[in-house]
Amino acid sequence: MSQRPLNVGMIGGGGGAFIVQPHQRSIHFDGTRRVTCAALHPDPKVAKQEAEAWEYPLVGYESYDQMIEEESKKPVGERIDYALIVTPNHVHFDPAIKCVKAGIPVFCEKPLTLNLDEAKQLVAAVEEHKVPFCVSHTYLGHWTSRFARFIVTSGLIGDVRFVDSRYLQGWLAERTEDTGSVQAEWRVDPKKSGASLCGGDIGTHALMQLRYVTGLDVTRVQANLETFVQGRVLDDHFTTYCELSNGGKALVRATQIAIGHKNDLGIEVNGSKGTLSWRQEFPEELTICLPGQPDRTYFRASVTANDGFLGDLPEDLMAEPNIPAGHPEAFHDAFARLHRCFEQDVRAYNDGKPFDCDGSKYANVYDGLIGMQFIDAAVRSNKENGAWVDM
Amino acid sequence: MSQRPLNVGMIGGGGGAFIVQPHQRSIHFDGTRRVTCAALHPDPKVAKQEAEAWEYPLVGYESYDQMIEEESKKPVGERIDYALIVTPNHVHFDPAIKCVKAGIPVFCEKPLTLNLDEAKQLVAAVEEHKVPFCVSHTYLGHWTSRFARFIVTSGLIGDVRFVDSRYLQGWLAERTEDTGSVQAEWRVDPKKSGASLCGGDIGTHALMQLRYVTGLDVTRVQANLETFVQGRVLDDHFTTYCELSNGGKALVRATQIAIGHKNDLGIEVNGSKGTLSWRQEFPEELTICLPGQPDRTYFRASVTANDGFLGDLPEDLMAEPNIPAGHPEAFHDAFARLHRCFEQDVRAYNDGKPFDCDGSKYANVYDGLIGMQFIDAAVRSNKENGAWVDM
Amino acid sequence: MSQRPLNVGMIGGGGGAFIVQPHQRSIHFDGTRRVTCAALHPDPKVAKQEAEAWEYPLVGYESYDQMIEEESKKPVGERIDYALIVTPNHVHFDPAIKCVKAGIPVFCEKPLTLNLDEAKQLVAAVEEHKVPFCVSHTYLGHWTSRFARFIVTSGLIGDVRFVDSRYLQGWLAERTEDTGSVQAEWRVDPKKSGASLCGGDIGTHALMQLRYVTGLDVTRVQANLETFVQGRVLDDHFTTYCELSNGGKALVRATQIAIGHKNDLGIEVNGSKGTLSWRQEFPEELTICLPGQPDRTYFRASVTANDGFLGDLPEDLMAEPNIPAGHPEAFHDAFARLHRCFEQDVRAYNDGKPFDCDGSKYANVYDGLIGMQFIDAAVRSNKENGAWVDM
Amino acid sequence: MSQRPLNVGMIGGGGGAFIVQPHQRSIHFDGTRRVTCAALHPDPKVAKQEAEAWEYPLVGYESYDQMIEEESKKPVGERIDYALIVTPNHVHFDPAIKCVKAGIPVFCEKPLTLNLDEAKQLVAAVEEHKVPFCVSHTYLGHWTSRFARFIVTSGLIGDVRFVDSRYLQGWLAERTEDTGSVQAEWRVDPKKSGASLCGGDIGTHALMQLRYVTGLDVTRVQANLETFVQGRVLDDHFTTYCELSNGGKALVRATQIAIGHKNDLGIEVNGSKGTLSWRQEFPEELTICLPGQPDRTYFRASVTANDGFLGDLPEDLMAEPNIPAGHPEAFHDAFARLHRCFEQDVRAYNDGKPFDCDGSKYANVYDGLIGMQFIDAAVRSNKENGAWVDM
């Protein structure tokens, strides 16, 4: 018997937001999930109007409060199976904790919250109410990110010595916030964005990619936050030198003023036996360099076990729904993989079964908390002229 | 008011076929289309069983004949709005012409039919019944393919002198058909594949890319078809030297024995004022070379008008639903763009309005016919030791 | 005891010729060879004047006849050890055969001669007089060309099925010959260039690279020569489909109208077990693709034996004077390697010892002859509308 | 009248040193310079023996003291015109200052000296004796380095905000010093190498590239020096965060443990109007990214003025001896350009004319001093846990 598709309720997403598009495409992607309702806008009237005119039929709520209340009353199967939160940063915490308290699983955009205190409260709520919770660190959804994690954590490139994890963009190199860009406007506002613009917006992705791929944590941070574009309050350039939990070191860095870089998240891991490198703009590839060997470039869907470097490969890694090599996966595919994995946990939750949500397939609420702690530590170090600060 | 989602019926797709996956993902992608029924397998029992177990609910028909009959009886809004044909090549013609005669729009995998005669009949039927018809030339769906077409057809690189359009794969370099690969098995069988394996399967894509990007036709062909892997009847390597309708020349070539090439469709157009080059494995990029200028690499979603080379850009090209640059689109996005454009024509058809289906946004039945004529001419030339043959 | 440096006499090279520069740099490169005299120009007066003003001291002769006569009188150690011929194509044969008859080893630019008849006479003279003779096929001098030859000829990628050898340039896409370019002027003139412009000038390099890397010969040719730029007599675009001596097939092609291609010689060899690819503009790299393996990119000077693909590596390949990997070699290094290898044969010749000149380290007079036969066959095939023609 | 070739005396270079090879090739390259004598080894006997067996004839001295003494006695034209110092770091100062005092121009390997004190003495001596002095920062010799300098210093990419200058190698990722590598042995020894291994050996190149390309100085430094390979005293990984003289910021970093990186010096400059990026392993290319423009990749020898970004180009930049685009220059060509420029200054010096030696074409003694100051500051900052330290 085919399973019924899961129902998803969207919080935010109106007013021309960008990130709602990849989310709803990824939700619909497999035919096993669908958006059924939404609270699209803080203004109840606009929320209803936008819902009426949405490109496909959905139930429009005046507010997320209304959505949570009404949906909670419905039986499983009719009500939403999870909520998607795609509001600006300062509107993550409130709907998220309300959903959690109402027993509704949450798929939340990053950074988790506006500040560390909110993040801690949210973690406590998730622990108490035991609902699946995903923080939308998109890039973990690439098959090659999982492959990278397998390679590094299974010791194939030896001990991790140094990591360069960076996220380089150029779209804020000019005063984009003065050109009518909704995306830029709220991001440069500390009340909506938090204590760090560049660090919070994309530095957290660089951190998450490091933590996911290496299985290591950052223990101490030296940070320099710069504001290169005049008139801004927050950083548009973010550099940290980090100590890792195994004693290794790392650069975790981000910028929004590097003209020419579109969305250039990349990671290089230097191990004692080899180097791994990967870039999200070329997500089908992963390169391994070993001493005395040619550079080895792996492509999604053409990887085989025991090739002289890899040993046996985990079944779940190889079984991951795939299109053949050379039929490239990209941004939407990564998003869809996150929603697909989250779907499994939500179905288990609905059935009262145990679910994983352990960070191995998507970032969970603890990952979100650690992201907030990282930003907090970086902001403190920066205030102390880049002195070492514990996380 | 939101529009109702279109209903799609799938013909074929069971038994582990690959190509059905990107199609149904692309159909669901936007939330405005959905698969509602399917005739998944030639064996009625298997067709029903697979439908029962499909990953999401759909109505399973025993056969496409049954599907066409039953769906035709339903009113618009309940019945399928279009049929998707994803069977092997020899089962394209029959369901396609039956759908057309029943007034059901068709989205058909390529090559259009098994032979030229079938293709001509199908064209006649489409002309008579006036239904939207799409041939699934995926790669036209890349934004960069459309951008390339704009650049070349608007004369920006001058007169087209020479084109190198090639589709290089390596997956049939060994006797893949003996390893249990369903994909390989039917393709090497002339009864299911047609008169050319490599030419029909992927050479037609190389031709279509050339025709779409340049707006030119091939008028004469010199062809050499090779069978490098022992025991095969059909070609696994396909090379043509072509004359174009403007007097230019072209290599249109394909191979399935070039180990290391995954799915390497690419085109280079040498014009009198510049060169354009593009590869589907890196579909976000397009390179223009001009005399006395640096190489110009354009990225989807970061193109602006009047940049010193481009003039004004067509609105429909710029308005095409987009995610920002560096958030890469890829295979599924191209597929989705084809279904999205076809959706527009199907909605117009449903409303009794004129629809385009003019080959500017996806390949139509005439493009499918020309593909069959090209294969026919190539096979004839090859029999005559590569002599020039008119198309 | 250090050996005395060899003395080289240049024939041609005045008047702003380009190719003389890399030659003299490569001659001087190792400190073991030096240019001592020259007949720089057909006009005796100009020849003397240019020699007077040369950037370093050399003896200026009025003509190559004078140079050959005078130098021949001197004892070994004082006279030139070899002649370098860097004149336009139509002035290769005469000085070359005169040097050969005078017992002076020759390092001659390609193509060997203006036509096939001259080439045959030259071969006969070399056989009679037994002097070392090098045809300047620069790109054989790259370490990676030798490495490629080792890989293919030792069977590591299996039987050669298909080769794509191409040499793409764009500098003649406009009427460069009308802009005062000395290089372009003589090349477009059949009396100075021979029966084919593009084929002779660079198509012969593509052929030589194929023959050197694979150890195979071309047996039959289908050729299409195009003249895309109006007002030219000779071809500026050259495409051949070839049969190889092992039954494999090949594209050997060249163009001078592909804007954006600087000097893009490249080769891809598809074998039954793997693919090798290489481009002269990135001469430090060579890529091997194997089924079920990541792409393997080798870099000069970081290759080790028995790496899972390579077996033992020939000592002379590994011993070749080298700078460490990442300190890139390029055009001059390839030139220097040719002159360095030729030096060995010239020293043996001077000592009355046997010398190799067997085509394994640089192209010899037979390679030059085969180049002329290839052009001759291509021109004949083109006249017969691209029919197959035996070489 | 041709000029006599300059005479060069080498100090060091025996015992299988690597760096002597590119130097002597580059000296001989143009035919206008030649190595005439050498003090190859600290052991007088070995020095004489190696000279006897050198690949070409040269006068072998027992020591550099002897060389300086004897050569100084000869008249100009017979004596050496400049000395090349290619000894390990701790033997730079003594021969350099002795040459300077003897009025002999010096071409010295980097880093300038073993410590800051020596560097200051040397600067004083050069100022007093007014001889041409070059520090061998090879990579300034690339045409593209000069082109980059022109672009940045003429303001074409706006104000410099951030620079990432890095030099990544992997050859010391294992205990290479225990494998008989002469290169590695002395480098890991503080007595021969100085206070920093990685910083001194290659970090100084990254600094020099930044200073040359931007025309800016580093004013303050935060540094972290790591030793990842057990048993080493000195750093094999070197990271600094720097303040620039215009208020901009920079990462200047180097590593020798990043397996897979051969000799990966690269620089990216983020300006307020655009980004410039360059890598020495691909020295023919330079990329410029501008807002709203395609990425612009420039190639040496195919750059033209007023192309929509560049204005007029300096004559001396365009006139630089060149081979056509696509005939790649590389490591030896950069070296040769340094020696060629130094030759001009030496000829002027010989003629009693003013000479430049102003850092615009090669690094001078002040650049060498600043390199030493940078290492000194970095070592101090590292001792203070990465605190900011003034240069």
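Letters are used for the chains, namely A, B, C and D, taken in the order the chains are written, and counting of residues starts over at 1 for each.
Basically, a contact is a pair of C-beta atoms (placed from the backbone, for glycine too) under 8 Å apart; a residue touches a chain by one contact, two chains touch by 3 or more.
Labels paired with UniProt names: A, B, C, D = 1,5-anhydro-D-fructose reductase.
Predicted model, so just to flag it, every value in this text is computed and none were measured.
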Seminar exercise, completed: At minimum, the number of touching-chain hops separating subunit B from subunit D is 1
Exercise. Out of B-C and A-C, which chain pair has the most contact pairs?
Worked result: B-C
For this session: Using mean Cα positions as chain centres, tell me which chain lies farthest from subunit D.
Result: B
Exercise. Where the centres are mean C-alpha positions, what is the separation of subunit B from subunit C, in Å?
Worked result: 43
For this session: Please report how many Å separate the Cα centroid of subunit A from that of subunit B, as a whole number.
Result: 34
For this session: Could you please state the distance in Å, as a whole number, between where the Cα atoms of subunit A are centred and where those of subunit C are centred?
Result: 55
For this session: Spell out, as numbers or ranges, the residues of subunit B touching 2 or more other chains.
Result: 261, 295, 299, 302
Problem set entry | Of subunit B, residues touching subunit C in the complex | 161-162, 170, 173-174, 222, 224, 226, 228, 237, 239, 241, 249, 251, 255, 257-261, 268, 270-275, 277, 287, 289-291, 295, 385-388
Exercise. Given the complex with subunit A, which residues does subunit C contribute to the contact?
Worked result: 288, 292-299, 302-304, 307-309
Problem set entry | Of all residues in subunit A, those that touch subunit B in their complex | 1-5, 18, 21-22, 24-25, 28-32, 34-35, 52-58, 169, 171, 261-264, 281-284, 299, 302, 321, 323-333, 336
